[in-house]
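Given below, in the form of structure tokens, are the structures.
Next come two complexes, and both contain subunit A; in the first it sits with subunit B, in the second with subunit C.
This part shows the complex of A and B:
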């Protein structure tokens, strides 16, 4: 598709192809029929985000509309090479182009990891209840085009240890549309560390939906690693509900790619719920990274703490929309969001937009966003001690990200993240176009 | 070692130093005294190469080369060290990491190998003890949450590890209690040697009871208006700066 094709035309072509694919899948029998039909109906009822859609103001949908990005994934596509994280001891789940290809070999009592296609229909009953379809055409599309998915269930009071969830692209470099779907359910008192890794640099359209239910007094340490740059078109919806006294910790290390957008909605649904979110991000060249964060405090006595640190170099673009919504009944809420952003080049762009909606009067809420450059005083201090300017800049840039990287709950993952970010920072810029 | 001739320096177009001439030979300790706003800290900043301090006239020669042509890190490699009046806090970089990067940068310039982690740790701990800082300060962010006195001790720690040829101390004595002052003085005195020069920039005479200077200079209005031996500091302590300013006017 050439750039001269008007956006409207490309949107309508995409829409037509998507509907045709949804219609092919619609009547395939099985436990996912309801999800497909609901998805198709919602997709049909919602228009794709155009240039005037507010929540898509900074993310042009163009890179998602290219030919081939809606082709069905192939179950026999080559498995990519999946490097280990040094020292990480975890059961591995591999989803390639949206299709589950590998599940952990050994099972822990009380923990089940199953394909939707092999799950007891009763266990799939709640599928989709956390992922709102309204106004979210790509979440709807994920439902409409779903072929399979993975259900992670941790029983009451069970410590499931660590699971590694890999969302990868095929190794053939074949463009296609992937619609990975994962549902994570922690029953009361359960605990899990989940390392989610997005792997692949080819022009695959990955439209993931992850639903997470953290039960009463359950604990989920969720680490999200999107450490491959390149041509990936990655769109994720992460919808989380945290019940009474539950704790959800989301630490993210993210690099930009041709198109990357993460929509995250976390809801505190039971009193005493605690949420911590961290994001260390780096965009380079013409990379794009858009985080749409929404924290909903629906009940009293909950707490959320969010820390974002972003570095943007060359002609890249980083977007953070940080919304905190405190409902009228959510008294005694404590909610904080700190977003600090550094421009590493004059041509980079950072759009950090805080959004506060507070309808309760007895709350503690702090919200701050800054965009700046490296501190000249600190830079001079290091140089005056003999540290070369480039090394000093690097040192200060990583110091800036440390607030998040140091908060990764598994040190092995923190180390992996640190070296991946360093490698991405150190590589030379692409020749400017 | 250091030869400053008729130096004029402007900050944001505002002239601060207006014809400063000063010569410091190896092995000497000089004190620069003067009232607030006389240009003392500007002298330190311009010698260390801080951006925004524009040399509009005059020259600075250090070990036979034009110092103004060098970047800040090149000055450090050449042996210049400025102990900052206001050391910068850098959360996220540990003090140890910073000290090691700095020491190794200087070693690399001298063609020496980097220190081993174990060896460096040992040396850093010993130096901590010498300046009266708990070794825990090595693990903390650079100057992060340090008290005023701890920051000054940390400057001294860096100075002792880097072993400069020309040490510039910018009001290192300000805000120190008598014990800390003694520690700083002992540290500086331990560096005194025939190959090294030290320039103490200070507002008060009391530091000079502990570090006895070879020469004392009074800076006022951007120029040195009087130079003398160590007894000049005592005279200033007694009479203040007023009489000198009047005499110079």
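This part shows the complex of A and C:
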């Protein structure tokens, strides 16, 4: 009836190309056939998010639809330069354009890090259990177009130390569509610190899916660093289940890019589970950063605490949808979310939507959200003591972010984050068009 | 009900609760009055019929038809957190007027005594209004206003308070200027439907500098079977004027769902203030949720001028489904918007209600206080939007939204949208959810209060910030309503 707008045309082109790519991969043999078929079926059944899709209200898919962003990654693409985090002692996993390129030689007994392609099919059985496909076309697409992935398994009672998981782009800056997939399993009583780093500033589409299973009384300290701004089109889905008395700690330091959206679903599935989530974010220029957070309490006696601090400068946009969902049987739950946001410029935008969806009565739930600017009185106080305005603003901005940055469980990572955020804050703005 | 939860319950309290929860709706009866009613169905002829029946000017008919044609292109909204079967809009009759419409009563003596008895049952002492409360009542019985009092006194002050139908005859230019200016017919599905088929409603015009000498009040009452009500209310406050408007409702018991899709538009010019208070107690349906009213209302105010002020206060205890977001567009610099709400849902009631505050002008301020109470198996959602436009320098919003759960099978939800595009604007939002605590109950019972009194007291305390904003007569009514609705619903 209506004429196709360019966006509609691009959506349908993307859809058509994606299906063609999925069909190419469909019949390839190997342990991932089931995942691909399920992904393809779900992708076909779901439409791509359009202007009226509520969960995509503040993110437009346009940047994901550009030409070349569905091209298959090349296994021989040149490895990018991957700087170390000073003082971090960790086994390194490198995934370039979705393909695992480097794994640590594990010396700790009970810890295994394997490529899906090399894994025992029995170990891959749970793949896709947590990453729900319904209504999530890009998670489905990840499954449909998956070429390989990494399985991290920590055995019962084993302390696996620290692993560094790097999701990088090729060094050539060639546009392509990457679909990294990682599954992390911590058996009961196991513990692990995982430093996840997203590296690359080129216009590559990275559509990653990470599934994390935290077993009974297991502990996972997950640090997520997206400290490259630039043209990256980054879409991540992180699906976590935390079993009885398990503890999951997710601390994030994020910069915006041309398109960046993180969908996070954490479920407390066993009584006594505890979850802490932090997010320190900075967007500048035309950067975009959308965090879709869903914390589900499915059983009684669990706690969750979420703290988000965001700075938005220039013409950038920061979005937080922070949903807490308490199921009917989840009595004695305590759940909190705090989202504080500062606008640094007249053209920046912050959209916050903390949500509570509660079906149990014996619970304590609260959320708070504020959007504003730096306190004039605090600025005046510093300036009255001879501190230049720019320095005063910087000091106050980082004091504001400190609630999250100081909570990074590894001090070396916390220091790295702090200096990276400072560098991003200090660099001059891009000339505006 | 999970086992762990039920174990904690005091068995004695449960029996008392059950007894109270079984109470039937107290204002349920049907008055037998002959109605002139259109057969069910909706097409352009129905729209033309309604317009012709009211002897409306040509432009009004055209506007209705445009709205109807637009409505045909729209989809039924599904985003609200409520569940109900698809509505068959062709099974609804779109016009119903009391028979005595053609020869309108000249005074109260000429009003159908059956009608007057209905009002008395509702507790509107029409005869005694003048002496008692100083409140003028424009009673809407089904769709047509049948009695208006205090006309003279208001006329002296220059205030126009009449039905929209009358206003279209007597003040067509004013209606034409303002109708649809705040809620255009394209606004949403139900607003479009209302624009096409609105039956009647109230029109208020307060001239420049006038402080309305009394609180204006309208009682709505849905009566004829199968008749959706489509009121349209328009209030215009000129520069420096002041008006307080009360709206209250109750409806008789019946088995079929009744659709109610009203539109309320407020316009406040420079330095004007409009206070709009609602107590809503429509039939919520039986214990299984059958038969209650569907209340899909679009209410919006425009703070057009500098320092204008619009305040919405609502106490929502009725209806099977409530879908209502009284909003304020803060266009004038230094204008103020307020929203105070108590929404109580019990049984199988579902409420999705909240507000929108759209800050456009400089130094505009808004306050949102929302108290949601869910009991038994009800679903109660707060949904709100606070938007700071790039032009809203120095604007401020404060939002507090609290939910209280009574019973472990109900739901309480909060969906606030915050959109800020101005670094000098400040938005603060807080929300909490909790239950009536065992400690509070224990403390009250220890001092000799029975469980119902204790809960009522705790809930009244929970809602105090909102009740304080209601005009006195309404505050009393609202307190009583909550008490009646909640007695014994201890979880």
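FYI, the second predicted complex is superposed on the first by the 427 of 433 C-alpha atoms of A that agree within 3 Å, B and C clash if a C-alpha of one lies under 4 Å from a C-alpha of the other, contacts with A are read in each partner's own complex, and residues count from 1 in each chain.
Everything that follows uses one rule, which is that contacts are C-beta pairs under 8 Å (C-beta built on N, C-alpha and C of every residue); 3 or more make two chains touch, one makes a residue touch a chain.
A quick note: this is a predicted structure, and the numbers were derived from the prediction, not measured.
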Task: Quick one: classify A:134 as touching subunit B (first), subunit C (second), both or neither.
output: neither
Field: Touching partner for A:344 - first (subunit B), second (subunit C), both, neither
entry: second
Message: Between subunit B and subunit C, whom does A:377 touch in the aligned arrangement: first, second, both, or neither?
response: first
- prompt: More subunit A residues touched by subunit B or by subunit C?
  reply: C
Task: Figure out whether A:105 sits in contact with subunit B (first) or subunit C (second), or with both, or with neither.
output: neither
- request: Report for A:76: first if it touches subunit B alone, second if subunit C alone, otherwise both or neither.
  value: neither
- prompt: What is the contact status of A:426 with respect to subunit B (first) and subunit C (second): first, second, both, or neither?
  reply: neither
Message: Let me test your reading of the model: by the given contact rule, A:27 touches which partner, first (subunit B), second (subunit C), both or neither?
response: neither
- line: In their shared complex, subunit C is touched by residues of subunit A numbered 54, 300, 328-329, 331, 341-373
- prompt: Which residues of subunit B touch subunit A in their complex?
  reply: 48-51, 71-73, 75-77, 81-82, 84, 87-88, 90-93, 97-98, 101-102, 105-106, 109, 141, 158, 162
- request: In the complex, go through subunit C and note every residue touching subunit A.
  value: 2, 4-5, 8, 79, 388, 390, 403, 405-435, 491
Field: In the complex, subunit A residues that touch subunit B
entry: 375-378, 380-389, 391-392, 395-396, 398-403
